[in-house]
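Same chain, two partners: chain A is paired with chain B first, then with chain C.
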Partner chain A sequence: MTATPVAEWAAELSIRADFAETRRASRWLRVTGEARGVPEECITRLDHCMEEALANVIAHGGPGARAADIAIGLEVRCDAGLSAAVLNISDAGIAFDPTRAPAPARPGSLAEARPGGLGIQVMRSYADRIGYTRVAERNRLAIMVTW
Partner chain B sequence: MAIDFRDENENLRRIFLSERLDVAGTDAVSTKFAALAAGSARRVLVDLTAVTFLASMGIRALVTNAKAQHLRGGRMVLFVGANAGVAKTLETTGIDALIPMFTDVAEAEKAALA
Partner chain C sequence: MEFNNRRYGEVVVVAPAGRIDHASAEDFRLRLAPALEHCSEGRDRVVLDFSAVEYISSVGLRVLMLAAKQVKAQKGAIVIAAMQPVVKEIFDISRFNYVFAAFPGLREAVADLSTQALALYDAG
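Our next item is the complex of A and B:
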């Protein structure tokens, strides 16, 4: 997985920065992805990434994140035999680049384990590429899966 | 219902989780999950075969309850069966190295009772 710049994109769904909204976003992703020919397995991978990204914004984005909607869009590209879906997410929370966040240390035992801190790890494992840009006081995240 | 249980015998409780263990799904079952895991049986098998989506919040609940079970002198194991998606998430995050994970229920029961 590598970080890539985030291109301009059009928001297609706006949700409140509230945990009650994340399933609506998930349903929208599934319907939209299917309509645009994204394979089921790739939609699921994007769903995992989106769940973690939204949870991170809502839990850690601060008052700014909760005061403004989160914008979401999905692009599908086909080029030279390679297809890609890019899930774009924009939020007004505290600046945070998940591509630069250090991976959490793996505990050696259950006794050493501290619950939490796995969201970015899940995103990295399911995405082929993650891009991040901070524009106009908003975080812009682009999560790509290919097939 | 996204959570249920069955006491296999006086020593082993099997807890069935199902559907989406995202933030909303985990929040809906977390209190009951903790209560069932802390019940009379000290050995717990968590059946994840019907879980359709396991997010980090769901993993957090598994780790929290496994730790609590460990501190009580008990043991928790995970049974995933043929649920490749859940198994992948557990392996990717290294949770399978902390909480024993099995695809075979007999092996899971044996490990829980060992």
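Our next item is the complex of A and C:
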């Protein structure tokens, strides 16, 4: 089972690239995940990843990201006894592949702690797999959790 | 976001409630700022009571990191208490347990900062 973004997936929610919209996305994810049988703990992990992914788009995606909606979809797969939920996010921002971003230094003390890079670390910690492609001038991110 | 702050002697308990995410982080920072301003050697000490915080994202951790650095520069003391499991998990993932002194309960946090404040806390 891979988290490679598939060529076609159904956008089920569109939000503006605005921090005020991220909570609407979070509520949608919870309701939709529950309705599709995704365990609570997996929804929470996806919620962490989505919050950080959307924040990256809104804060760093540039004017292109802010000019177009962000599309989101949730797909649930079952294969050979393994279940997975894949959260798909598509945005029109600057090309950014979080799977290739350098791992941030992990602080061992307050003096070593640096702001920045925490979001990528959170996504990598909570997702089982992350896939990325750039298609038609849009970033496509697929975040998978399994149970 | 909702706050339920109170004081026990020189210990100020700052108690936010709800989600600390990208939608609320700036409000959290602004509401925390007055307590940080008075948190220095010989003045107030701060406990962040996180018992009602149900979620924190990286931007919230960033606010906490900068708060800890500010307080350290002022030679003050700030600790965190009563994190819910989902918040403690992200703390551990981000290794913020090395950045912030954390206590399982509010009483332990108050006790760590001041015996006088603990007496006031216990007196209710």
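We take it that the second predicted complex is superposed on the first by the 138 of 147 C-alpha atoms of A that agree within 3 Å, B and C clash if a C-alpha of one lies under 4 Å from a C-alpha of the other, contacts with A are read in each partner's own complex, and residues count from 1 in each chain.
One rule holds in what follows: a residue touches a chain if its C-beta (ideal position, glycine included) is under 8 Å from a C-beta of that chain, and two chains touch if they have at least 3 such contacts.
Being a predicted model, the structure only gives us computed values, none of them experimental.
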| item | value |
| --- | --- |
| Clash or fit, chain B versus chain C on superposed chain A | clash |
| First (chain B), second (chain C), both or neither touched by A:P63 | neither |
| Touched partner set for A:H48, first chain B, second chain C, both or neither | both |
| Touched partner set for A:G37, first chain B, second chain C, both or neither | neither |
| Touching partner for A:P115 - first (chain B), second (chain C), both, neither | both |
| Contacts of A:R106 with chain B and chain C, given as first, second, both or neither | both |
| Which of chain B and chain C A:F19 touches, first, second, both or neither | both |
| Interface residues of chain A shared between complexes with chain B and chain C | 19-20, 22-23, 26, 44, 47-48, 51-52, 55, 106-107, 109-110, 113, 115-116, 118-119, 121-122, 125 |
| Chain A-touching residues of chain B, taken from the complex the two chains share | 20, 22-24, 27, 53, 55-57, 59-60, 63-64, 66-67, 70, 85, 89, 92-94, 97-99 |
| Residues on chain A engaged by chain B in the complex (per definition of touch) | 19-20, 22-23, 26, 44, 47-48, 51-52, 55, 106-107, 109-111, 113, 115-116, 118-119, 121-122, 125 |
| Partner chain C, residues of chain A touching it in the complex | 19-20, 22-23, 26, 44, 47-48, 51-52, 54-55, 58-59, 106-110, 112-113, 115-116, 118-119, 121-122, 125-126 |
| Footprint of chain A on chain C - complex, ascending | 19, 21-23, 55, 57-59, 61-62, 65-66, 68-69, 72, 86, 90, 93-96, 98-100 |
